[in-house]
Each structure stands twice: as structure tokens, then as C-alpha cells.
Amino acid sequence: MKLLYFAWLKTKTGMAEEDVALPEDVATVGELLTWLEGRGANFADALSDRGAIRVAVNQSYAKPGDPVGPNDEVALFPPVTGG
Amino acid sequence: MKLLYFAWLKTKTGMAEEDVALPEDVATVGELLTWLEGRGANFADALSDRGAIRVAVNQSYAKPGDPVGPNDEVALFPPVTGG
Amino acid sequence: MAVRVQAEDFDVGKELAQLTNGNHAIGGVAVFVGLVRDLAGGSEISAMTLEHYPAMTEKMLAEIEAEATERWPLEASLIIHRFGRLEPGDQIVMVATASAHRQAAFESCEFLMDWLKTKAPFWKLEETDQGAQWVDARDSDDTAAARWVKKDPDAAE
Amino acid sequence: MAVRVQAEDFDVGKELAQLTNGNHAIGGVAVFVGLVRDLAGGSEISAMTLEHYPAMTEKMLAEIEAEATERWPLEASLIIHRFGRLEPGDQIVMVATASAHRQAAFESCEFLMDWLKTKAPFWKLEETDQGAQWVDARDSDDTAAARWVKKDPDAAE
């Protein structure tokens, strides 16, 4: 799976993008976030406020229950502030 | 008093502007319209639908009860259609 | 804050650049540009002539703009309205309002257009293949303008 | 109907001329132009950097525009959004909608701006004398966007 991080999620995780091998029990957006939290202090910090995080799966907004798979591009970012 | 006519009020009355000497009993916008109606068939026709006529006294919208005097500029026109 | 009534065309880009130039408190500019359409009712329009009442026009537009400035926190505003003969595609009117935030800009721009449509002394004479005819005022314009009328809580007397 | 995401500045006048050119069914064009302000909260802003998610941005903007086109009878529309480093007074975004009547133009332009503010994947990093900081999303933007959510009468199931 390809993971992308934007804005302060990039700063806090310390990376803009990475390729990860998903554990078999990670099948939804919510499970992905929980798994990512366990990957270290920087991820735990970055993901501590779930309400402040938006997720896009293959460039479309996704909810916690939406499915994710190994070939997906998943982006994590704060609420948008353009315009 | 200076009278101005715009749009189809100009076409129907046959004039764009005129100077008139007001009869002494004409003191309001409503009385002015009634007096004008009696000045001939073209005026009677032009003023037959009071609801379709707007009046401005000295370049400000006026109501039937508002006063008019010999030194005023009074304009008669249909509802505006600019913009 | 400016109002112009003119026969000449105007350049929207230049006007906007002038309106906002150097004022870094402006976060958004709402603009409306009205154009001559080639259809009215069912008739093809070849041209139109905008008549107006010059002594009253600038006075009304200035009043309308002053009210917008009082009701919304505007950094700048502009109204340009043309008169004379215009053809389909020609620009008729431009209203622009600039504010720190977009909602004030949008609202005041709509307010100005609605009042201009119902208060500013302009009349359109359309040339169609049926001959020339004066455009009728639209009820929907009155309805649009009515939504801005302030309800005065002290008006009981 | 067009969407552009670019680092370069844009010329509002030229874009509008291109948008309306030759289409005489257009009676009105509503436009919004967003500019960089020099103040945020209490801090002076010297510049900002707009980050975005390129693969998603054009997709979202195209979806937003398609929905506007479905909901209002638009003759033409345009969204331009910049990214990269911008300074106070610089143009960030332009949305323009053209329709036969002004109400459709105004409403769809506001709709596009509201959705763009809450859906398009852009993030502002402001440089102030306190250092650089990511701008927080504003609740008022969510509120503004929420007013466009259609209530589906068949949604009982």
C-alpha cells in the first residue's frame, strides 16, 4: 500500500510518502489508522486526534469503515484550508 | 415645475420633458398624476395604469402622498429594468 | 468606493486590479458582470438601448453603495453601469465588492445587484424582429430585492 | 467547464473574456477571486505556501464543478487554484460561473467556493514572525458548505 501524508501529518510523521506491507488483519480505514498508531511515537502523536484527520482512498474521501487493500493509495491529511 | 418622462412614458406622452405651471390645488404626487391625466388622450393613456408608474421628486423615489411644489423636478417612469 | 455611469465599455481585469491594488486586508472579491443576451421571451434580440435618468442614476447608485458599505465590512467596492446602444455579448454592468472574508463579499455583491435591478433608473429598449419594445420589469427582481429589507424591531410605533 | 491547478498567476480579465466569448446566451457571470491577506489571527503574514495533493485535486475540483453544472443551468464555468509560495495581495483562487440569469450564477459560484474550501485538498502554511504554521480549518466553512447538502426525500430506507 502506498501511504501519503500532507500538511502537519507530514511534519509529525516525518515523511511525505512510504510503501507499506499491510498486516492481514487490516481491512478498513479505521484499522489502518489504529495499526499506524502503533508504529512509533511520531505516528502515535500524529494520529492522536482522529477527529482532526481526513483520509482519502485512491483520491476519494473515505470513512473509517471503508475497505482498504494492498494496491490502494491512501492519503492522510488534516481538514483542508485552500481557497 | 419641471416634468421628465422616461421609457414608454416618453413614447406615450410624446415628450421627454416639459415645464408646467401647477394649478394651486395640486400639492402631492397623487394629485399631480390626476391632473396630468386630464391634459389629453395621450396623458390619459400613459397614466391609465398607476401601478405601472414610478415617480421621483428631485431624483428620489416618491409616494402618492408626498408633497410637490413649483420648483421641483418630477420624473415619471415605468419600473426600472437595468442591470 | 466608486460609482460610474458611462457609454464606454470597461475592462473587468483592469478594474479589479485597481480595486484591490495594494490593499492586503482583502481576502476575497465578489464580482458580477451582466451581459446582453440574444434572446428575450421567444424573440431574437439584435441590439438594445439603455436609457437612463442621469441626474438620478449616480445619486441612486451612490446611495445603494453607501448602504452596502454600512451593512458589510467592505474594503472596496465598485459599480459601473453603461447606457446607450449595446449588442448581444456586450457588457452592461459590473459590480465588485472586496472584503476580508468571502461571505461579506458575496452577500454585498448580490445586495448591490438586486437593488440596482429594482432602484437604479435604467430602462432597456430591445430591438427584435417584432420591432423595438421596452422590457418589462420582472417580479423576481422585486422578490430578490425584498429579501434585503431590514426588519426594524423598533418599528412598533 | 474547466478546472486548472497551477503555480502561475492568472489574469481574471482574460479568463472571463475567454469564458464568455461568443456565447450570447449568457446574461450574467459571477466571479470570486481569493487573495492572500497579510493578517491571520493577530499575526502579520509575510508569505504562505499552498501544499496540495495533485492526484486528488483535479479529480475533486472536476467532481465539484460537475455537481454545480448538474444543479444549475450554467453556460460556462471555471475554477483556477494556485499552489506554491504566495505573498500578501497575490491571487489564490478564481471561480467563475456564467448563466442566463444572475441568481444561478451567484448561487453556483458560492456553492463552488464553499465546497472547494471544505473538499479540495489544499493546505495553507503561513509564515509569520512567530514562525511557520499550518492554518486551521474554519468551522464557518463547514457551516457554509452544509447549506448546499440536498435533503433526499427518498432516503428513508
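Letters A, B, C and D mark the chains as written, and numbering starts fresh at 1 in each.
Convention: a contact is a pair of C-beta atoms (placed from the backbone, for glycine too) under 8 Å apart; a residue touches a chain by one contact, two chains touch by 3 or more.
All figures in this text were calculated on a predicted structure; none of them were measured in a lab.
Via touching contacts only, the remaining chains, with chain D excluded and nothing moved, are grouped as A | B, C. One simple way to say how far apart two chains are is to compare their mean CA positions; for chain A and chain C this gives 48 Å. Per-chain CA centroids place chain A at a distance of 72 Å from chain B. Measuring from the averaged C-alpha position of chain A to that of chain D gives a distance of 26 Å.
The set of chain A residues touching two or more other chains is empty. In chain C, the residues that reach two or more other chains under the touch definition are 34, 113. Under the touch rule stated earlier, the contacting chain pairs are A-D, B-C, C-D. Those residues of chain D whose C-beta lies close enough to touch chain C in the complex are 11-14, 16, 20, 22-39, 88-89, 100, 102-103, 105-106, 109-110, 113, 140, 144.
On the chain D side of its complex with chain A, the touching residues are 34, 50-53, 55-56, 59-60, 81, 92-93, 113, 116-125, 134-138.
Interface residues of chain A facing chain D in the complex, by the touch rule stated above, are 4, 6-8, 11, 56, 59-61, 73, 75, 77-83.
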